[in-house]
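These notes open a run of structures that come right after.
Each of the next two complexes has subunit A plus one more chain, namely subunit B in the first and subunit C in the second.
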Partner chain A sequence: MMKSKIFNWVDERFNISPLIDFMKHKEVPVHKHSIWYYMGGVTLFLFIVQVFTGILLLLYYQPGVDSAYESVRFIMTKVNFGWLIRQVHGWAANLMVFFIFLHMFSVFFTKAFRKPRELTWITGMLLMFVAMGAGFSGYLLPWNELAFFATKVGTDITGAVPVIGDMMKVLLRGGDDVTGATLSRFYAFHVALIPAIMTLLIGLHLMFVQRQGMHEPDHFKNDPKRKVISFFPNFVLRDALLWLIVLNILLYLAVFFPWELGLKADPFLPAPEGIKPEWYFMFMFQTLKYIPAHVWFIEGEVLGVLGFGLIALLWVLVPFWEIRKKPGARFRPMNIIGTIGVIYIVVLTILGYME
Partner chain B sequence: MKITYLSKFKNAIVTLVILIFSCSLSLAGENEVTKIVQDSLDVSARYAKLPADDTCISCHIEEEALPEGFSENDIHMQAGLSCAGCHGGDNTIDDEDESMNEDIGFTGAPEIEDIPSLCAKCHSDIGFMREYQPRIATDQLEQYYTSTHGKKFKQGDENVATCISCHTAHSIMSAKDPRSSVYALNVPKTCNSCHGNSEHMADYNIKTDQFEKYAESVHGKALLDREDTGAPACNDCHGNHGAAPPGVASVSHVCGSCHVQNEEYFSKTKMAKEFAVDDMHACQECHGNHEIAKPTDEMVGIGEKSICMECHDEGEKGYLAADSIHIMLTRVTASYDSAEAKLKEVQIIGMDDVEMGFMLQDARQDLIHSRTLVHSFDPQQVKEKTDVALKNSQAAIQLGIKELEDYDSRRMGLGVATLFITILSIALFFKIRDIDKEENKSN
Partner chain C sequence: MGISRKKFIDYVLGGSLIGWLGSTLYPILSYLKPPKIAEANVNSVKAGLMTDFAVNSSAILKFGRMPVILIRKEDGEFRAFEATCTHLDCIVQYKADQKQIFCACHNGLYDLHGQNVSGPPPKPLIEFDVNIVRDEIVVSKPKQV
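Now for the complex of A and B:
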């Protein structure tokens, strides 16, 4: 009685009935690739975890050369469950990027980027780049040795971009070197700019998905026995189950494989051995190592950066140049391209960690 | 209507350009403002303190006939003392022959024999010097004549150092100025310009390797490599204006002026008295002089690197004392090192290291004090301190172990949380199954 009263009160003012109807009638296809429908949801869950743990960390974190490391140490040692919040934040960031990769490749291989979902693909790709930016900027915030030098190397690579590289490097660093100014900037990017952009893009991305419904593979469309489940509650509950499992994994990783705080960054010390970027940058970092110092008249690093820039652009624009399988052809060209991409990333990442 | 839109569009573009420009200015980091300001300074401002009509400087600049090593940053020039202040003549007369006329007191370049008295004309006059620096010393000349340099100079040796040898003639700056030849970091090289010159030193029968030895010493590394101006340069042991080699009696006092406790403990020992009787340089006997290396625990004891064993034989009281002191130091150093390693372990995993850090700080102080007490050559005194150091470092280790245990116990806490989430997941799984079953039935 009370429930319907409240509902009517809200409905009278905001006319939410059509929305409820939409939800009631929304269906999710069930087929052999259905599992991939859940990847985006998990990514969203991890983003929410990031926002919550990030806000909690913000209560104690103090950016600054003399306070960043100390405040993170304070969070880890003195704040109740501060260590857990930081570890979950660190792990959720990594898992989020991992699930973004999974989500992106599943969409790529199931050809879900095709018309009319071009903009969903593009917003998704932009989200991936911004999430990597969030990882890169957040990595510096504890101001420890490894983060400091990894940021130095990372921003140095930005400097290799032709024409605007130097300006971008100075813009990122807030000067010629990685200093307190860089830390302030990365802090601003990490806690204000990037979350705002991500929220906006996620909003658009979800709106597109809701408006167009789930992508249905070709074989499914023509299947006379096509099976569907309703979005609510069937799909949502399955989503929730997966979120719980991921939360359990997240806690397990946070407690059993904690991120070390390391030693405080000292700009006057030489770079320690084993400087490595986050794993999702590793394949690019490793590629740059293999490119000779000079290729023809171009510097190796410039060539690498330009190459990755071009590949990224092509990847974003995939819906517009997709090479379709010719009738009778044995392989699908896009699947070959995608498989090469995945193998390349996996092999180069492994090689990077083996060194 | 069209015009309004156009002008609005124009305004928008202008605002955008201004916005981008100001953003890039604020984002560009450090700009070159300092450099521009520096460049824009008028050259004449460098000589601002000189009279406006100073003909010496204007003419010598014009003729490009400035003396060798001339610097416009010379402290005298900056204070408004013209060339005529030392060289005589009249700096207000334009005519070269008239302004540099011997009849009106022009002396030209002073003879070496006149230099100390020429500088002292002002620098020994407290009334005059007070105008510039109220607390400046005016006994430099007096001190100089007590130095080895001054004594020889008085005997007519013009080869020895005078004021300008160390301070330069035309680029004299305050000893606090990093550009000065007598700034702490530059002193060793300034002294070495003569003392490292074998030809120059040939008549005095002095070695010329002091700089090389000093540069390798613990003092030299601190001063020259780490640029720690608190580390002693040549003048800190030898004096500056009264520079002389410290004699047997004064060596321990010279070292003791910084290493106070070491000297205090040493001076009370029987060995100090015996050293004095045998004309042995106290500290120098064990540590050397210019080449003083960082002391190690191996210097005490009965091992190969032991200095004690150069005089003491097996079975002697000194032999036994050296052995037991060495054992105590080694034990406490090992314990301190383990505590430090444990601290690093705790720090790296991000556990609470504050209390442990304080304990280790105390242990370090006690360890340093134990090493200082070696100069008492009394095993009992050393033991009292090493016991305290050992206690502190052991306590730090225990605290570190507790932190590491706490770190492990977090995993237990996780068990409860995961159990709860797992139960929830299983419940959800069954719920989903029920819903599916019901739907299948109704279909």
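Now for the complex of A and C:
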């Protein structure tokens, strides 16, 4: 009684019946590639974890050259469960980027970026870039040695972009060098600007997905034995179960493989050995190492940055230049391009860690 | 009458829209660009007494906001260089065993003249002047910079 009363009250004002109807009829196809339907959901879950743990960390974190490192140490040693919150935040960030990669490549290989999903793909790509920016800006916040030098190196690389590079570097660093001004900036990016942009993009991305429904592979669409499950409650329940599993993995990693805080950054100490970017930048970083200092008349760094810029742009625009396979041919050009990409990333990442 | 009234209004509105965008974005972009802080113009720094420095050792001095590495070579001679690696900005260190200047970020090596000998650094380190004034070490900016 009560329930329907409340429902009617709300429905009269906001007309939610059509929404409920939509939910009821939403279906998720079941086939041998169905597993990939869950990757986006896991990414979303990890984003929620980030917002949640991020807000908790904000309660104790104090940006600033004299307080950032100390406040993080305070969180890790004095605050009840502070270590747990920080480790979960660090691990969820890494897992989120990892699942974004999985999600992206699964969409790429199943050709789910095709019409009408071009803009869904593009918002997804933008989300990936912004998420990497979140990782990069968050890395500096504990103001430890590794983060300090990684930020120096990372921002210096943006300086290699022709024409606007120097301006971008100064804009990022808040000056010519990595200082407290950089920390303030990265803090603002990390806790305000980037989450706001991400929330907006996620909203759009999800709205697109809802309007378009799930992508179905070609062979499946015309299959007479086509199977589906209902989105609500069947798919949602499976999603929830998976989220629970991911949460457990997250806690396990946080407890048994903690991220070290290391030493406080000191601009007047030599760089320590083993400066490494976060793993998802490693393949690009490693590539830069292999390009000689000067190629023909351009500087190696400039060439690398331009090269990656071009590849990123082509990747974003994939739905608009896709090479279709000839009817009946075994040769699938896009799968080969994608496979080369994956192998490249994996091999260079491994090489980067072996050095 | 060259243009219709409607076209004219379109131009006026479009023009003011661009003007409005410009006048909004310009202050924001300018705000993002950090103001130049007058760099306390340090031209020389006293590093201490000669007797404080063992041979074949090094120290990093604060030269304003710039780190400078002071090295006492095996033969007792002093040399100083800007300590920022010419590759990607890391801070270099003196390797006493190899008698070379080393950057740990990507294994850049410089000799004791600041010349880049191996690894990624593209340019030599800028050398600073070292003078001994009554046993006291004074490091100063090179004249031409």
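Basically, the second predicted complex is superposed on the first by the 355 of 355 C-alpha atoms of A that agree within 3 Å, B and C clash if a C-alpha of one lies under 4 Å from a C-alpha of the other, contacts with A are read in each partner's own complex, and residues count from 1 in each chain.
We adopt the following convention: contacts are C-beta pairs under 8 Å (C-beta built on N, C-alpha and C of every residue); 3 or more make two chains touch, one makes a residue touch a chain.
Keep in mind the model is a prediction, meaning the values are calculated, not measured.
K.L.:
Is the arrangement of subunit B and subunit C around the shared subunit A a clash or a fit after superposition?
P.N.:
clash
K.L.:
Between subunit B and subunit C, whom does A:188 touch in the aligned arrangement: first, second, both, or neither?
P.N.:
neither
K.L.:
Of the two partner chains, subunit B (first) and subunit C (second), which one does A:156 touch, if any: first, second, both, or neither?
P.N.:
It touches subunit C, and subunit B stays clear.
K.L.:
A:346 contacts which: subunit B (first), subunit C (second), both, neither?
P.N.:
Neither partner.
K.L.:
Looking at A:174 after the superposition, I want to know if it touches subunit B, subunit C, both of them or none. Which is it: first, second, both, neither?
P.N.:
Touch status of A:174: both partners.
K.L.:
Once the two complexes are aligned on chain A, which partner has more residues of subunit A within touching range, subunit B or subunit C?
P.N.:
Higher number of touched subunit A residues: B.
K.L.:
Now for A:289: first (subunit B), second (subunit C), both, or neither, which partner does it touch?
P.N.:
second
K.L.:
Which of the two partners, first being subunit B and second being subunit C, lies in contact with A:78: first, second, both, or neither?
P.N.:
So A:78 only meets subunit B here.
K.L.:
So, A:58: does it touch subunit B (first), subunit C (second), both, or neither?
P.N.:
Neither partner.
K.L.:
Between subunit B (first) and subunit C (second), which does A:314 come into contact with in this model arrangement: first, second, both, or neither?
P.N.:
neither
K.L.:
I'd like to check the shared interface: which positions of subunit A are touched by both subunit B and subunit C across the two complexes?
P.N.:
Touching subunit B in the first complex and subunit C in the second, residues 170-171, 174-175, 181 of subunit A appear in both lists.
K.L.:
Which residues of subunit C touch subunit A once you look at their complex with the stated criterion?
P.N.:
Its residues touching subunit A are 32-34, 37, 60, 62, 65, 67, 83, 85, 88-93, 103-106, 120, 122.
K.L.:
Quick one: which bits of subunit B touch subunit A in the complex? Just the residue numbers, please.
P.N.:
For subunit B paired with subunit A, touching residues are 27-30, 344, 347-354, 410-411, 413-414, 417-418, 421-422, 424-425, 428-429, 431-432, 435-436, 439.
K.L.:
Which stretch or stretches of subunit A touch subunit C in the complex?
P.N.:
Against subunit C, the touching part of subunit A is residues 149, 152-153, 156-157, 167, 170-171, 174-175, 177-179, 181, 267-275, 289, 293, 299.
K.L.:
In the complex of these two chains, what residues of subunit A are touching subunit B?
P.N.:
Answer in residue numbers: 72-73, 76-78, 83-84, 86, 170-171, 173-176, 181, 229, 233-234, 237-238, 240-241, 244-245, 247-248, 251-252, 255-256, 258, 260-263.
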